[in-house]
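Order of writing sets the chain letters: A, B, C and D. Residues in each chain are counted from 1.
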Amino acid sequence: MRVGVIGLGNMGAGIAANLIKAGHDVTVYNRSRPKVDALVAQGARPAETVADACGGDVVLTMLANDEAVAGVAFGDGGIIASAAPGTVHISSSTISVDLSKRLTEAHATAGRGFVAAPVFGRPEAAAAAALFVVAAGPTETVNSVTPVFDAIGQRTFVVSEDPSAANLVKLSGNFLIGSVIESLGEAMALVDRGGVDKHQYLDILTSTLFSAPVYRTYGSLIASEQFEPAGFAAPLGLKDIRLVLSAAEELRVPLPIASLLRDRFLRLLAEGGDQLDWSAISSLAARDAGASDHSA
Amino acid sequence: MRVGVIGLGNMGAGIAANLIKAGHDVTVYNRSRPKVDALVAQGARPAETVADACGGDVVLTMLANDEAVAGVAFGDGGIIASAAPGTVHISSSTISVDLSKRLTEAHATAGRGFVAAPVFGRPEAAAAAALFVVAAGPTETVNSVTPVFDAIGQRTFVVSEDPSAANLVKLSGNFLIGSVIESLGEAMALVDRGGVDKHQYLDILTSTLFSAPVYRTYGSLIASEQFEPAGFAAPLGLKDIRLVLSAAEELRVPLPIASLLRDRFLRLLAEGGDQLDWSAISSLAARDAGASDHSA
Amino acid sequence: MRVGVIGLGNMGAGIAANLIKAGHDVTVYNRSRPKVDALVAQGARPAETVADACGGDVVLTMLANDEAVAGVAFGDGGIIASAAPGTVHISSSTISVDLSKRLTEAHATAGRGFVAAPVFGRPEAAAAAALFVVAAGPTETVNSVTPVFDAIGQRTFVVSEDPSAANLVKLSGNFLIGSVIESLGEAMALVDRGGVDKHQYLDILTSTLFSAPVYRTYGSLIASEQFEPAGFAAPLGLKDIRLVLSAAEELRVPLPIASLLRDRFLRLLAEGGDQLDWSAISSLAARDAGASDHSA
Amino acid sequence: MRVGVIGLGNMGAGIAANLIKAGHDVTVYNRSRPKVDALVAQGARPAETVADACGGDVVLTMLANDEAVAGVAFGDGGIIASAAPGTVHISSSTISVDLSKRLTEAHATAGRGFVAAPVFGRPEAAAAAALFVVAAGPTETVNSVTPVFDAIGQRTFVVSEDPSAANLVKLSGNFLIGSVIESLGEAMALVDRGGVDKHQYLDILTSTLFSAPVYRTYGSLIASEQFEPAGFAAPLGLKDIRLVLSAAEELRVPLPIASLLRDRFLRLLAEGGDQLDWSAISSLAARDAGASDHSA
């Protein structure tokens, strides 16, 4: 298929590379040129503008946040204005349910297909074509772009005919990660005060019921109080929790743990923690238990 | 070693059987006789009284709760009064930090050894000698009973010289399970209102970052709203959260998620949920989002 | 002074009438005409359009919410576009901090004065010129409109040179009322389960430390479970709590009780409580304690 | 009536003095003798032992906490063992619902009357015979001791035939005060960050809907960050919240704000705030908003 990829960060670059490897005809666009050149070296065509990347069967966006996606979608020369009638837009960024609905509506008005397809997996998984893709959109449209998902991920879950449902699933996943961080932070604060070594404690947890990557990865950061450099910075954590709460409010779903997480992030930022990894909210539980402050 | 085992429920019976298999000289005691007979058939000696089970190198208790353990420990003819000078008491029940401290003190006064060694694992793991043992007590005492742990578990973690630290670790583990139940309950209430199938959602979670037994086991119960029969009844969940909060209060550690869990359990019980599995607190998040009530 | 009043609901009508009584030259505008006529009978001039009400020394807006205020301010023929250079805009509605900042900026750009002056008091207080006015804006501008405040209220508090600070104070007051509702709801659920009559309990409270109108008014509604007709409907309660949380997030201030209130309102609305008074969130505490449902 | 008064702290001394003034025949007991002498000078008879104070129509206890009351009630030579058959025990201390039930049972077994009658009011109100008495017990028993209440208070509320209901009411009152402290702490943290003077803010509140002593008294402490010397120390605040939560758990009533207060007190104490007034929990909201630390 002829696929445009907009956004060549760690995730987008891996995705584009795997589309090339799978034999697709790939055009790439990025605000800064060097990332474009690296993919051209792998066989991609360069796009000078967003519009240049919208002429194929599919245009896939992988950008940082709502603002970036809205920018390339709704601006002059953006996707809505420029894409060909048969082009399907796949949005793989972690964006709000609200923006996903606006994109759905705008594409419908323009008579084009739209699929939300956020992914689970880190840059290494993107590079290895091992992402998990959570896709939603009209069945026929989703089916028409299956070769794209096959090229970038190890498995695709189609969750709804309403694109925004996929964004809801992705955001809820980040909420669950935040819940793990907070609960581990509380548990470690407790056992630490009880004289138990936090690393050994984590070893017990991950040897038994909690043998999942999320406990290993974040547990290790929390036990080590290693919050810099940030893998995912606290302001981004707050942003995602805000998007979850906003989507939940629209659906009238109270989420007490998300409310707690929001308060934790606000406090961390009020204390100057903007540069810290989002797992640093765990340090607040420790400090509330009287631990000296290692985090700020 | 000569080992007495007091308490032959699902867990204790498996433990006693594996001690026999490992070649130890095992005496068993239980309030109701049939469970004793079953182990005698496997090679154990029967004890008529608690005191009869306290004459060896080790007496291990595996009972339901604080009341039961305090009963066999402190009563007339109980362990404190009856055990031989060289006998080490291993307490493997999930008991309070407070009771563990009282046992430590009473045994110290009596000049005997005491080790707290709660376990992680279900009855099947107990039967398969595949438990994880979290042990704490004076190093020499713990070392002296290592053969017992080797016979019943796949791995032993020695976490402190203070026995009650092991109980704290066990209780904190149950707090973390409760946190998973609550956060999954909230997340599933959210995606359900967003039109996503809960079982598919769970499949996504457990295929990615959340591939741990605790998410599979409880996620399945929550997605199915299958809360009867109870694997672990709600009143026991409340009891363990109360013990965690009580231990945390003693150490002056605030645990906001544990406070939330406590309120959830109180509400579930106030509404008549005594017979339900503790994972039924997840139904409250669903109902707060306007779902009709399937749980009570 | 020549004063335009836009918005003649229960509050605005009382304010306009008192401005007339105080001898000001008052022009009134309202979307529906009968309310205009009633004030014309008292001596006001009628305005056919928003612009017609913006020609004097002051234009005061008293409207339902952000949308209504933004509509008369920013639209074609709105206040920003139509007011004379010397006209000062007084916004007395309960609006967001964010809208207040946008109004401040727009008026500054247009070279006009802007004062935020939300009020504390019910329609009866507005009718009796007994409001409490919380005003903020540049000192000189606020001083220039003092006669307006004197005509409508019993006391004016000038809290800041930044207009939005007055809106923050007003919103925080509604947060405090919500806190009283929730805490009374919890306390009454408790004593009710303990066999104490809720009305007598309220009598004890308001005879002692809690002898304030907010306890009397809301306590009586809560004890009687009298939530219809709504004096202030639950969706408005949610809206104000959302505005408080949003302002607090901007300032990075965690507000745990506001988070709890938000979850309460979402649940009440998810269960169909849109028509109920906002004090109906108190019924949730009662129901969580096992009380049968009287509220929905 | 012949009345024994046990416990001559600030509250008990005022109560005893007013009983004397009302013409009752008063015997007083206190652990330290000087307080006894002061009342003897006013006309009381001194008691050398608890038992000496239990020979009249009524024995009233006004002591610091559960431990003190249980000590004089259940010990050798205590009230249960020593009081005459016709003596009614009035317990006016703030004690747990649980202890109140134990006292009820013990007195019933002994064939004597028991009335719980905690009071609302500070030492000045006790001195002025202006307390509010919340009484509970069998109607006939309560009626028989009415002259005592008339002598010490301005009004008596009889809330139940079950004595412990009066203790529940008293404890719930302290919970409501704690709620006011926390909500004011959050609101003041917010407006402070918004540039509003906290004292002026309090003036607005107490001039309008919040014109109650509890807002004036605690609002002033919070605005001034004046937490020493403690009028009511933080550990006592934690104790009362614990008693409320415990009584609520027995009745299966979730109290989310009480859970929040508990976490606040634990944190304050973990940080070394034992000497501070309980209103110092308000400083935590301020610090979470980035305010520098004035409290510890």
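To be clear about the criterion, contacts are C-beta pairs under 8 Å (C-beta built on N, C-alpha and C of every residue); 3 or more make two chains touch, one makes a residue touch a chain.
No experiment lies behind these values; they were computed from the predicted model shown.
Interface residue usage between chain A and chain C, two copies of one sequence, is largely shared: over half of the residue numbers at the contact are used by both copies.
Set against the C-alpha centre of chain D, every other chain centre is closer than that of A. Chain A and chain D have Cα centroids lying 54 Å from one another.
Separation between the centroids of chain B and chain D, computed from CA atoms only, is 39 Å. If each chain is reduced to the centroid of its CA atoms, chain A and chain B end up 37 Å from each other. Annotation for chain B: residues 248, 252-256, 260, 263, 266-267, 270, 288-290 touch two or more other chains. Chain contact summary for the complex, chain D toward chain A: residues 263, 266-267, 270-272, 288-290. Looking at the complex, you find that chain A touches chain C at residues 242, 248-249, 252-256, 259-260, 262-264, 266-267, 269-270.
Across the interface of their complex, chain B is touched by residues 97, 120-121, 132, 134, 155, 157, 159-160, 162, 164-165, 168-169, 172-173, 175-177, 179-180, 182-184, 186-187, 189-191, 193-197, 200-201, 203-205, 207-215, 244, 247-248, 251-258, 260, 285, 288-290 of chain A.
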